[in-house]
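A, B, C and D label the chains in the order they appear, each numbered from 1.
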Amino acid sequence: MAVADSHDTHDDHHDLYDHGEFIAHHFDSAEQQFDSGKLGIWLFLVTEILFFSGLFVAYTLYRTNHPEVFEQAHVFLNKYLGGLNTIVLLFSSLTMALGVRSAQLGRNKNCSVYILITMVCATMFLGVKAVEYSHKWDMGILVRSSFDLTYTHPTPTTEIGKSLHISDYLVYLCIVPALLFAGFVVASAISKLINKNMLAKFLMAMAITVSGYFLGVCIGIIFMSATDAETGSSHASVIAEQPLMLLASTQDDHSDGDHDEADHDKADHDKAAGDPSHDGEHSDNEEHFGAHPADGGEASFDDHHPDPSTLDRDIGIFFSIYYCMTGLHAIHIIGGIIALGWLYWRSLLGHWRTDYFGPVDYVGLYWHLVDLIWIYLFPLLYLID
Amino acid sequence: MSEHNEDLPAFCHPVSTKLLFGVFFGLIGLTILTVATSALGTGLGMPPAFAFPLAMVIATIKAFLVCAFFMHMYWDKSFNVLAFLSSLLFVTLFIGMTMMDTGEYQPTIEAFDRNNLANVDVSE
Amino acid sequence: MVDANTRQKLFGTPETNFLNCSKGWKSWAFTLDHKRIGIMYLIGVTVALFLAGIFALVLRSHLFTFDSTMLSDDMYNQMFTLHGAVMVFSFIIPSIPAALGNIVLPMMLGAKDVAFPRMNLASFYLWIIGTGCLLGAILSGKGLDTGWTFYTPYSIDTNTGVIYATFGAFILGFSSIFTGLNFLVTVNTMRAKDQGWFKLPLFVWSLYATAIIQVLATPVLGITLLMLIAEKTLHIGIFDPKYGGDPVLFQHFFWFYSHPAVYIMILPAMGVISELISVYSQKRIFGYSFIAFSSVAIALLGFLVWGHHMFTSGQSLVVTLIFSAITFTVAIPSAVKVFNWLATLYKGSILLNTPMCYALSFIFLFGIGGLTGLFLGALSTDIHLHDTYFVVAHFHFVMVGGTLTALLGGVFHWWPKIWGRMYNDFLGRVGCFLVFSGFNLTFFPQFVMGSRGMPRRYASYDPEFQAFHQLSTVGAFVLGIGILLSFVVLVYAAFRGPRCSSNPFRAASLEWQSSSPPDFHNFIQTPVLTDPYDFESQVYDEELDTYIPREFANPDKVAPRKEPVHH
Amino acid sequence: MNWQLPLMLAQTNDSTLEELRKRTEAISMQGTAVPDSSLVREGTSNPFATEYWFPTQASSFAGEIDFLYMAIFWISLIFFVAIVGSMVYFCVKYRRKDGVIAPEPSSSHNTAIEILWSVLPSIILVWIFYVGAETWFEMRIPKENSEEIQVTAKQFGWLFTYEDGDQTNELHLVRDKPVRLIMQSEDVLHSFFVAAFRQKMDIVPGRYTYAYLEPIKDGVYRLSCNEYCGTGHSKMKTACIVHVSEEDRKNNTKWIEAEKTPFENGQRIYQIHCSGCHKVDGKAATGPALNLIWGKNETMIDGTSELVDEAYVLDSIWYPEKHIVEGYGPVSKMNSFKGILDQKDVDYVIAYLKELKKSTGDAK
């Protein structure tokens, strides 16, 4: 860091790559720059984990406090679709790791291919997710406030939906990707015409990426109808006809439990009334307070039946958490695709060298984290038994 | 296991493709295992209370594989590893304290629900 | 040893510096220079301070009489909410780290810039967007009346602009994360050659500890506010009891961030004070490693005590007990710092100029703020004092008496470095006196009111409190005048003040080895690594009228070095 | 004017409870202030005395809390004087004279002293924590044989239901009788706070919270909401009256509808359900004042005009969103009282409004 460059470089100082060696002006060496970036991305991953932690807290609390709800709710989730998505994501992680390796060795062409495969896997993941979401929406499985199993929408009304026998919601979810796909293809063709070959290649790759979404949708539909018979629960019409039966069976369990508890409470309270020393136990006291109706009225416990809405309500909360977790994860996937697109462009430009591959490494770490979170989400949401 | 060659700068550690594929197939195997134990769990005579911890153990092994090899943690600076893992400490703290608390006062919510839920118009 | 020309080049007033090396609004708006970003941040937080300060004065004016009709109850609620939200999210949290830290931190490390200059600029623009969204609540015509804490279910029920404001706070959270992440990486990888962890100025340690909190805690605020927005729009049933949610859970979420955030506010202030006390006593800071580690200890312990905001919230007994016990442990590192500052003053050569006056006011005010924390940490007294004016007074003593005082002290301290011009010390001290006395007059009566049971957030109150409220209102205006005076002194100094030399205060940390104002690259030549608290290493140079490192000085004119004495 | 209130109260130091109560009624009829006999204090100008800082100790644990407060106060004061005293002393003694920088040589670290000033305060802190926790257990764990009172808080009023089914909007307690308050909220967070009792507990919607106390001094105390709850938060206060005997209390809480005139019944309904938001002193609060409203043409928020008659009153109580008077809302909205107040109750309210109009109208 000897006497600094002459002052005339000040005007273009925001061009970080003015050495032509991809070392920003404020770093001394490639290694310092790489280490800074690496620590930076690890810290970013720390913030990501804490960002998701809020949802994991909500999940853990509702699961410990209402385990029965989770056992009921997971019936609505298709673990094979979840498993499929896990494998897709794991594969994308592999190709990402291979992409990082190629960049480290300065093999830009290989790197671009691996990144493209990663992006296609990412959109495939989203496609499968779209099948899953639209299927749930058909069944009226929404967040807590609009959770309503009696609301069903199994028959498509849109033209495309009717002809392909797919859900309306799925059709809606495909509109934006379809537009993107068309846009990229057209833009690619135009770029080709005006002799911007690199751009044309890039846009074509983006179109391929988006087509991965439709691949995901197709595989998702096939997978779902194949596993329907086995899980029995994911078929919309079956559920639509029997939601109350399902609820009734859960109610029985629930009310039994409640009866026991109520009896216990009552006994406890009787005991407490006769035994003043019992009141010293604070937590017991809070528990058996349940025996006192708030309005001071005479409601008796023996004829108390839990309202079906309790379970309805709590399953709704499970799906609130489900949508928050998977939705936030999906947003991260979309963010990852954008970052990967940027890497793809730079691979085409041949930027990666053995002493400069930081961005691929950083985005790779981010991508693996997204995978990591899914690795936990999968058993937490889909594999409840 | 990283193939380090003299031409590469000190901070560049490409991981061999063999290892990457090995980890990938390990991960796939574990995924199939976890779905299988979940689907057949009770059929194999596994107690239900065992299923959830097992799924979490498998998930953690998978997470370890991804971290160590895909994320190069095995070769990374120990400070970076420490920074990353310390986040788990804080997540545990967050979950632990709130769980302890909500678990303690849950009875007051249940008592309230028993007395009042019938009056609440849930469909609102 | 260097010749006079080089000395002149390195320490004299340069022709080009970071302020005039490029011109036009674009050279500021798109700058990646940490110093310029720091100055833009400083302007930004000043605007936020004045805005929220005006809200505060309106509030205090309203409270002048017990049955005042100056504001409607709704207006009052919106005023205190916006005062709190803007002060906390837009002013205090970014004030010292993002404004002052941004300018000083890389220079203290001998670095040319922070590790991620573009992220630094992004942080500033996120700050603007976030503050805009927060204030968008007003522009939307609906206002915001939830209190800065956004407690559910009121924040879900009310039809004011909660979504704008929470989205704004969410964005401001990311702005804060970016700053923290940047500082962590900068301190880790960009230190000068051979600058070990224990050769860092204590301000850097405190910023590092702050950055740890920013990175670990702020994402939780992000997810909390996102969930609140989802709750308000979709009713997901996690925080809203109407749908089976749990309002106390929201408080856990909120305070998991917001308690550590209290340390985001106070830790950098403590770092500034460590610098000021030592420089203006011209004495090595006492107990360097204890102060350094106490910063990190406060940062980590700060994560374990969030439940002390919830002693009366319906939190369970056992958790309350645990939180109260841990709360007391935070008192120890804070006390250690205060004792160490006092020991630094002992046998020093104390210069009572403006920054030092602020530093001494800090010890006084933070002393009261910290000690009144004991009343609130103890369970039984907290039950009585919780959510009364006692709490209001307590946290203002820490946030305003602590952070704002330290900010002003730090700004006065580094002002000559930033602009190359000196402020009027007499008027600066008058401003400091007004701030100090006005502040005490405002908040001391509130301790009495709180103990007597005056709840906070009350638009009208019982007549017997009127006398205290009137004292408080008068004090608030004195405080306002003091801040305004300091502002005028600083702005005048920046443009019209007399030129000053590179190191007028004989400070030894690296930033004083640059010229005033510094070069775009901070240092024209790699600075000589000095111990930041070894003031003997700086010797007076008559030609330049400044202190320069012994290595650069003319050896004929320099007294032999006195070895520091250790007992 | 209400300005005179503290003085008035100061003179009623030896007045009987009945007189105080009458005054309460008179005041709650016309204004926002609730008297607080705990503010009748001795030696109030000495800031080193407990009485300077606190209201009267009216609950069993108040004395212990005040003791701890004063203990921390003295400990803090000693530390504070030592810190600021030495700071000022150093600044004077070691100030830089004539611009000559000459620090005297002295040590810059001393591990022994560092450990000493870390450990010594810790011991004091442990003691403070211990004493605080001890009293706090008393405040959070119910006494044996406590009576149970249901507390329902809503924006912006209180309803207390006693074991015998009586309901009031002021809290009536009996001296030396421990009580367990079982609290619930109808809408948002509130907090039960009586400064004279030093007791406070948030009221959380969707669950019960509890507060325990044993009043040891009769009098009228202020009970306020201490957790921000919206527009009328600062008006959400009522009186807590501690009686000397159970009969005394029963006389004050019992209400036999059939024995009362429609006006009295209407007034009671007003106090329990409406007084949180509507005043009868002509001043606008969260909602419009009710004293002159009967028979008036009110301008609505949409510009139309409505005559306040029987149908209007019924609509306003059962379907409040139907008529919103100009200048109110949109932040605070009234909840429907359908299901809470029946047709007969509404008739009582109408009788009350008619009578109010007559009496206050005459006065003017």
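We adopt the following convention: a residue touches a chain if its C-beta (ideal position, glycine included) is under 8 Å from a C-beta of that chain, and two chains touch if they have at least 3 such contacts.
No experiment lies behind these values; they were computed from the predicted model shown.
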Centre-most chain [mean C-alpha coordinates]: C
C-D or A-C - the one linked by more C-beta pairs in contact: C-D
Averaged-CA centre spacing for the pair chain C and chain B, given as whole angstrom: 37
Whole-Å gap between the CA centroids of chain A and chain D: 47
Per-residue multi-chain contacts in chain A, two or more chains: 35, 39, 43, 46, 50, 53, 57, 61, 282-283, 286, 289, 292, 294-295, 313
Multi-partner residues of chain B (each touching 2 or more other chains): 79, 87, 90, 94, 98, 102-105, 108-109, 111-112, 116, 120
Residue numbers of chain C (touch at least two other chains): 188, 216, 220, 242, 244-246, 248-249, 314, 317
Of all residues in chain B, those that touch chain C in their complex: 79, 87, 90, 93-94, 97-98, 100-105, 108-109, 120, 124
Chain B - residues contacting chain A, complex: 7-15, 17, 20-21, 23-24, 27-28, 31-32, 34-35, 38-39, 41-42, 48, 51-52, 55-56, 58-59, 62-63, 66-67, 69-72, 76-77, 79-80, 83-84, 86-88, 90-91, 94-95, 98-99, 102-108, 110-118, 120, 122-123
In the complex with chain C, residue positions of chain A that touch it: 1-5, 7, 10-11, 13-14, 16, 24-26, 32, 35-36, 39-40, 43-44, 46-48, 50-55, 57-58, 61, 143-146, 282-283, 313-314, 316-317, 320-321, 323-324, 328
For the chain D and chain B complex, residues of the former touching the latter: 184, 206-209
Residues on chain C engaged by chain B in the complex (per definition of touch): 188, 216, 220, 242, 246, 248-249, 252, 256, 303-304, 307, 314-319, 322
